[in-house]
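Below are the structure tokens for one structure; questions will follow.
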């Protein structure tokens, strides 16, 4: 119950943002909510199930291109976005069948490779996707302010849907099963958890929202090219955000997303050429000093001690 | 007939790939750490060779030793100082750590050297050979030979020196090795250093073949992955088999489908292998 | 009375090594079957084969008339076969209650988390762990962890419960307590396969005994008879002792 209240409150606050009339701020907020979606998506497979997936960029890019290509053939906006989600889920089922039986490093690499393969496929099919030249999307007839507001709300709606899904999954049998898998997959199997099915479901959840996010992104920026939407950082940053916020928690990914982006904004404005190194330093510091993320720090600091009901995740 | 040329190209590539990958494979097999820095180490080795040639006229082949020593120091320091703190942590953590370190290292190289492509242009290149229908560029063949020699030297060291035996022991069974008196932390650092050394040496060799830029680090890393999956982890023969196999596959696919698809095909091969036989062609049960 | 579980010439090879070699025996409903044999005899591997962890390379496993040889572990669990691990494997980040609830929810097919929790509490009370229900699983002593494994297995509402060395590492009092629990579970009608080293345990609680050696079944029958079987004595103690002590009824 508490989780729904937090989500509602957060959404209400963010929904008021366009009233400030600051387009730059809205642009930042759109990116922030997009990363909330990506981080939360990754959390399904990486945080809950414990499978370190690097496929997020693949789902994102696939969603972007699916939607863009459909729209260039005349398909309407929302339908194209929905199709992007479907494409991402189908792709996750296909790839999942091949790689979900791998563990640890092998799974990580395999998931990374799927991104590379997708990118190369797009690069080498210029007739369909524009290849390396990129793809333009139809411009929408709106004022600059309307445009910014529309896409902010679109991304926000997606983020809310994704967070709602996260809350539901965390409390469900699926969430409990995924946590069992993460802690001891062999024991989980012996207990009766259909690990393969559950992992596939987790992977599908990690795909659908990322795919739609890619579609929304593509419409928002009007022009996409492979290195842009299949960027490895789109796989790594969400991961870092979840590590930052707290692996396998409900709100950790969102917190991590906002914190990391705030930091990036500061660095971007002041130390452009050190951007990658700055991210690297955060990552290294995070891994060495804060392995359980920010939420664990606050819990220790403020002595939050709540009797957990069985099967519940930490909030 | 043309296939002989394809074969020759494949072997030349293969030797180089084996050398690039063997250090990576060793680190993965012994420490169970995927070192994302590896590609950047290779590039740095190339830069060392480039500057040594540009400023002091030292031939890149001689720079193998310089690059090797410098990178050994860097690798050892990074492992002992940073990576070792999380050595027992799950894959996610170690992978993310080396990724973060690579971001820093790569960015530093970009700042120091800029992203412009550089190339070592030898004033006195080795003459090219012509063996029947096959054209063999002299320097590349020499690089391949040196690559194989280096790899063989590593293999010898692993087999014969006491440090080498300790490394192999840790690779087989970390806990048992510790119980036998092996200082596992020290071996981890040495192995990581050796991995970096081999990367740097490979980079020096590659400086006369590939253009040098920090942007290339990902490509080298990718090759190293594929070689490991083909050949198995932590074994030198595995790296050689994997390297040669990859070289041949790339050469053939460049010939059949054109060089622009070579990358996709290599990756599809990787996916196929991961699906069918994650332990590699030599069948060693890979670490998780 | 038809067998509940039936093994028909079951083998499991790892490369060239036949860890389980042509083993055949039946398990009758409601019986307590002791599975003994020297170290490395293949007892745990056999349990792994039955529960689908390592599928058999040869032969058939039939449960309640159904061929389960090629089934996946989780399906076998839902059918009513549960097992404990020799080296205890709790879910490290969960509480004791959550660990057992997992068994109730997935294997025991409880309808929801609430039902799973109450089923779990029941098993915790039975195994004497009720007072540590909310403690992290990792904080338990070895004896308590063994009981946790036991409770998890019971929560799955098994028809057959396979206990793999539940008594390893326990002191004499703890062993007696464990024995009492095993007897009570058997009285409820749960069929039990008990892998054991401690002969006193095996003798006091089993209806029948099956002996493995080098992966093959070398003896089967009533406990006292089996323990005097020369082949069994030789397997454990060597040919000299078999010649000296074997064969006396």
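Assorted remarks:
Note that the chains take the letters A, B and C in the order they are written out, and that residue 1 is the start of every chain.
Assume a contact is a pair of C-beta atoms (placed from the backbone, for glycine too) under 8 Å apart; a residue touches a chain by one contact, two chains touch by 3 or more.
Worth saying up front: this structure is predicted, and the values here are computed from it rather than measured.
The minimum number of touch steps separating chain A from chain B is 1. Averaging Cα atoms per chain gives one point for each, and the point farthest from that of chain B is the centre of C.
Of all chains present, the one whose mean CA position sits nearest the global mean of protein CA atoms is A.
The centroid of the Cα atoms in chain A and the matching centroid in chain B are 32 Å apart. Chain A and chain C have CA centres that are 44 Å apart.
Taking the mean of the C-alpha atoms as each chain's centre, chain B and chain C sit 48 Å apart.
Against chain A, the residues of chain C that register as touching in their complex are 51, 53, 72-75, 77-78, 82-83, 85, 89-95, 97-98, 101-103, 105-109, 112-113, 116-117, 120, 134, 152, 156. Partner chain A is touched in their complex by these residues of chain B: 28, 32, 34, 82, 85-86, 89-93, 95-97, 99-108, 110-111, 218, 222, 225, 229, 260-261, 263-264, 267-268, 270-271, 274-275, 278, 286-288. Those residues of chain A that touch chain C in the shared complex are 171, 173, 176-177, 179-180, 183-184, 186-196, 307-311. Across the complex, chain B is touched by residues 46, 50, 52, 98-99, 102-106, 108-110, 113-114, 116-117, 120-121, 124, 232, 236, 239-240, 243, 273-277, 279-284, 286-288, 291 of chain A.
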